[in-house]
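What follows is a pair of complexes built around subunit A, which joins subunit B in one and subunit C in the other.
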Partner chain A sequence: MAQVSCQQPLSDEWFDSPRLYEEMYARAVEPDTRGLILPSEARRMSRILKRTVCTSITALNSSAIDHPDGIITGTGMGCMENSEKFLIDLSRFGENCLKPTLFMQSTHNTIGSLIAIILKCHGYNNTYSHKGISFESALLDAWLQIRSGGLRNALVGSHDEVTPFMDLVMESTHPEYSFVSEASVAMIAIGRDAPDESDICEIESVRILHRPDIADLCRMFDADHDSLLMLGLNGNPHNDSHYSQLTESIDYAPLLLRYRHIFGDNFSAPAVGVYAAAKILEKGRIPCHMLANDDGNPTDCRASNRHPQRITVVNHCDGSNWSIVRLKSVKPN
Partner chain B sequence: MGERIFVTGCGIISALGVGADATLRALLSCESGIGPLRHLATTHDEFPVGEVELSNSEMAGMLSVSYPEEGLRTVLLGIIAAREAVGHAGLTDVDIQNAAFINGTTVGGMDKTERHFKSVFDSETHSPDCVELKYNDCGYAGDLIADNIGRFTMVTTTSTACSSAANAIIMGANMIKAGLVDIVVAGGAEALTRFHLNGFNSLMILDRESCRPFDRDRAGINLGEGAAYIVIESERSARARGVDILAELSGYANTCDAFHQTASSENGEGPYLAMRKAMDMGRLTPADIDYINAHGTGTPNNDATELAAMHRIWDYALPEFSSTKSFTGHTTSASGAIESVVCLLAMREGFMPCNLGLRNPLHPEAKPVDTSIGHDGAAVEIRHVVNNSFGFGGNDSTLIFSRYSPAN
Partner chain C sequence: MENLILQLKNQIIEALNLEDMTAADIDDNEALFGDGIGLDSIDALELIVLLEREYGIKLANPAEGKEIFKSVASIADYISRNRKK
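Coming up: the complex of A and B.
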C-alpha cells in the first residue's frame, strides 16, 4: 500500500504526526520520483501520472509481486490537468494547432494503461470513473475476480488530481466538500486461503449501493462486525448529515473514525479511507486524531488504545452512492 | 465457467436511427449513417461523422425530460437506449431495484463543460456558470441515465476509452457470476464533442472521406456517437421471469496490449490475448466462430494490428469478419455495446453486416464481408460471434455471443 496526498508522501508519518492545513485547499505533496521513475520518463508525465507510478511501484515493491494479474484503477476526474490544458488551448487558440500529447494523456484510462506499459502487464486492465465510488468500484471488481479465481492478485489504485481551477469550480459543484485535496493510493490485493504474516489486513467484503433507503442501509450493519466505522466525515453538515442519519438509525453505538480531516475531499478520498483503516489494523492501534463524533469533531482519546479487529469503511458521494468496505485484522488477537 | 450469462434485452441509438428495428433496416440495406456534421458546433466540418439525427431538444421532447437544451447529449442518448433495453427485457420496477446499471463512457458531460469552460475559466473568480461544470465527470452521466430508468441497486461507470462499454458488460457478467446481482443493464453512451473530435484530429487519424476499415488505402476514423445497452442475467433469473433469451454471453476477456498510449503493437498481443481468452472461457475453438465484428476503426494502425492478431489465431483461414464502423462511425466508449447489439441482430436474423467502403482488401485472404451474407432472405446460421473493442492505452476486450441452447 502507498499514498500520495497532502500528507508526507509514500510514508505513514501522518499516523502519529499529521500535517494540518489552515487553507480549504491543498495540493498533494509531490513524492521524490528518484528510483521509481526514470528522469527522462518523469519529464513527460503529468503530476497524476507521476504520483500513480510512485504509489503503484512502491506498493508492488512492498509485496512479492512484480507482475500483477490485474491492474484496476479508479479515478473520478481522470487526467484533469491535461484535460484542462486541452480545454484552455481549445478556448484560446480555437480548433487548430492543438497538442496531441495533451489529448493522448487526457483519458481516464491513461493512468492504468501507463502502469501496464511500464510493467509490461498484458492481463486484466480496467478503469472505473464514477464520482466518489470510483475506487470502491475498482476494489469490488478485484475482490470479485480474486474470489472467483479469475485473478490471483491485482494492483488496485485510485487517483485524482484537483487543479486550482477545479477547486474553484468545486465550491459550486460540490457544496458537501470541506477541505479539498488530492489523492493517489495504490494497494496490492492477493487471494489466499489463509492470511499470511506479510498481509496488512483482509478485505472481508465490498458493497456499493445506489440511493439506498436508510432502513436498507442500516440492515447492512451489525454490532459484531461493524463496531468500528471509518466514515467520510469532513465537518460539513451537507456531507456529515448523511452519516449521522445512518449512525442514529442503527441499533447500537459504533465507535466512529474519520480521515478526511487530514486527507481532504476528492473523488479518490475513499481509497485513502481504506488505506488509513488498513494501516490502523496493521499497527494495531488507532491514532487519537482519527476518533470522531458524528459531527466530525474530535472526541476523547480513551478508545484509541483498544486493539481493533475490524474496521468498516463507509463513504457516500453526495448522498446518492454509498460504499461499505469491511476490513479485518490478520494479527493474532 | 460457473453461471451462464444470458442476454434478454437490448436497446440502441446511433447514426443508423433510434432502436433495434431502425438499426436492422439500415444494416440489411447497407445504408451508412455517416454524413456531414449537423449538430456539433465545430469548425471542422470537413470530417464526415456518424451523428445521431435528433437534436438535444428533440430527444428531450421524446423522453419528456427537462434537460437544458444545450447539454448532456450523452445522457439523452443513454436514456433512449437504456429505456429500449429495459422494455425489451420486460424488466419491472422490482427487477430494476435488484439490478445494477453499468455505463461505459469517457466523454461524460464534456459537451456541457466545453460550452461553459471559457466563461468560467476567464472569469477567474466565482462564476455562476461554475455549476454547469458539475456534469463533467463520467459518473454523473451514469447516475442521470440510471435514475431516469428506475431505482437500480448499484450504478457505476467504466472508462477505458473505446472499450468502455465492453468492459461495462464484462464487469456486469462477473457480478452476476459472483451472485451479487441477477440482472445487469450494461453498455455505454457517448456524444460527439469538440474535445475528442479535436483530440483525434490532433493525432491525425480522422479520415476526410467515408472511412474504409480493412482497406489497403484506409485513412482513419469517422467519429460517431450513440448509446446501447444490453440486459444480461443469470439463468435462474431469466427462467423465473420466463423471458425470451436472445443469446448467451458465452465468453469474454479483457487484456492489455501494454505497448503505447495511442498506438497498438505490431503483433497484436493485446487483441490476440483478448480473443484467445474469451474463446477459452466459452470452451470454443477458433473453428466455432462464424463471424467477427471487428473493432476495425479504419486507422492504418488498428486494422493492421487486429488482422495480425486474427491471423495468429486463425492463420489465413479467417472466419467471416467486418467492421460496422463505416455504418455508425466510431462511437468510441459506446462502440462495444452498439456493436454487441449489431451482433445480436445479425445472429437473430441470420445475416452478416457488410464492411461498407471497402475498395481493395489488404490481401486476398483478409477480405471482410463485402456483399452481405444472409441478406435477401437466405439466412445463414451464426452460432458464435466475436465482438472486439480496443481502446487507447491498449485496453482490449472481446465479447463472444452464442446462439442460445437450453442445454450446454
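Coming up: the complex of A and C.
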C-alpha cells in the first residue's frame, strides 16, 4: 500500500508525526519520482499521473507481484488539472488549436490506462467514477472478482487532485467538506486461502448501500466484528451528523477513529481511510490523534494501546451512499 | 534571427515540458527527433499547435513537417518566411 497526500508521501510518518495545516485547503506533497518514473516519461505526465505511478509502483514493489491480473481505479474527478487547462485553451483558442497531450490526458480513465501501459498489463482494466464512492466501487469489483476466481490479484487505487479553482467551486457545491486536500492511494488485493506474512491485513467484506434506512444500516454492525469504526468524520456538522445518527442508533458503543483531520476531504478520501485502518492493523496500535472521541481524556488515549484485531471503515457520500469495508488483522493477537 | 531562435527554444522547452533543459542546452542545428533531443510524434503535434498559436502558421502540407521540424534553426527559418503574427 502507498499514499501520496498532504502528509509525507510514500511514507508512514503521518502515523506518529502527522503534518498539521492551519489552512482549510492544502495540495498534496509531491513524491520524489526518481527511481520510479523515467524523466523522459515524467515530462508528459500531470501531477495526478505522477502521483498515481509512484503509489502504484511502490505498492507493487512491496508485494511479490510484478504484473497484476487487473487494474481497477477509482477517481471522482479524474485528471482535473489537465481538464481545466484543456477547457481554458478551448475558450481562448477555439477548437482548432488544442494541445494533444492535454486532450489525451484529461479523461478519467487516463489514470488506469497509463498504469497499464507502464506495467505492460493488458488484462482487466476498469475505472469507477462515482464521486465519493468511487474507491469503494473499485474495491468491491476487485473483491468480487477475486472471490469468484475471475482475478487472482488486482492493483486497486483511488486518485483525485483538487486544484485551487476546484477548491473554490467545492466551497459551494460541497458544504459538508472541511479541510480539503488531495489523495492518491494504491494497494494490491490478493486472493489467498491463508494469510501470508507479507500481507498487511485481510479484507473481510466490502459493502455499498444506497439510501439505506437507518435501522437497516445499524443492522450491518455488531459488537463482535465492529468494535472499532473508522469514520469519515471531518469536524463539519453537515458531514458528521450522518455518522452521529449511526453511532447513536447502534446498540453498543464502538471506539471511533478518524482520518480526515490529517488527510483532508476529497473524492478519494475513503481510500485513505482504508489505507490508514490497514496500517493500524499492520502496526498493531492506534495513534492517539486518530481517536475521534478523544477530547483530551486519558482513558480514551489508553484505548490506543490495545492491539486492534478488526477495523470497520465507514464512509458516506452526501449522506445517501454508504460504504462499509471490514478489515481484519493477519497478525497473531 | 538570433532572437527568434532563442525565443523558439524557450517556447519549445515550455510547450514540451523539457524541465531539465535550458535554451543553452539545445544546439541550433541539433536534430529534434530520433537521436538528437529525442522528441516523438506527440511532440510533433505539440509543435504544430505552437506554430499556429504563436506565429499564426497553419501547416497545410503535413509532408513538409519532416523538413521543417528537423532542428530549431529550420523551424526558425520557416517561421521567418511564413509568420502571420
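Couple of notes before you dig in:
One rule holds in what follows: the second predicted complex is superposed on the first by the 326 of 333 C-alpha atoms of A that agree within 3 Å, B and C clash if a C-alpha of one lies under 4 Å from a C-alpha of the other, contacts with A are read in each partner's own complex, and residues count from 1 in each chain.
Heads up, the rule we're going with is that contacts are C-beta pairs under 8 Å (C-beta built on N, C-alpha and C of every residue); 3 or more make two chains touch, one makes a residue touch a chain.
Keep in mind the model is a prediction, meaning the values are calculated, not measured.
Greater residue coverage of subunit A by touch, when subunit B is weighed against subunit C, goes to B.
Of the two partner chains, neither subunit B nor subunit C is touched by A:Y252.
In the superposition on chain A, A:P39 makes contact with subunit C only, not with subunit B.
Applying the stated contact rule after C-alpha superposition, one finds that A:H210 touches subunit B and leaves subunit C untouched. Looking at the shared chain after the overlay, A:N321 reaches subunit B, while subunit C stays out of its contact range. In the superposition on chain A, contact of A:L144 is made with subunit B only, not with subunit C. Judged by the touch definition given at the top, the superposed model places A:F93 against subunit C, while subunit B stays out of reach.
Shared interface residues of subunit A, touching subunit B in one complex and subunit C in the other, are 98-100, 104.
Interface residues of subunit A facing subunit B in the complex, by the touch rule stated above, are 71, 75-78, 83, 86-88, 90-91, 94-95, 98-100, 103-110, 112-114, 116-117, 119-131, 133-134, 137, 141, 144-145, 147-148, 150, 165, 168-169, 171-173, 208-212, 267, 317, 320-321. Interface residues of subunit B, counted against subunit A in their complex, comprise 2, 42-44, 101, 106, 108, 113-114, 117-118, 120-122, 125-126, 130-131, 133-134, 136-140, 142-143, 146-147, 151-161, 167, 170-171, 174-175, 177-178, 180, 194-196, 198-204, 254-262, 269-270, 273, 391-395.
Within the complex formed with subunit A, the residues of subunit C that make contact are 15-20, 38, 42, 45-46, 49, 52-53. For subunit A in complex with subunit C, the residues that touch the partner chain are 39-40, 43-44, 93, 96-101, 104.
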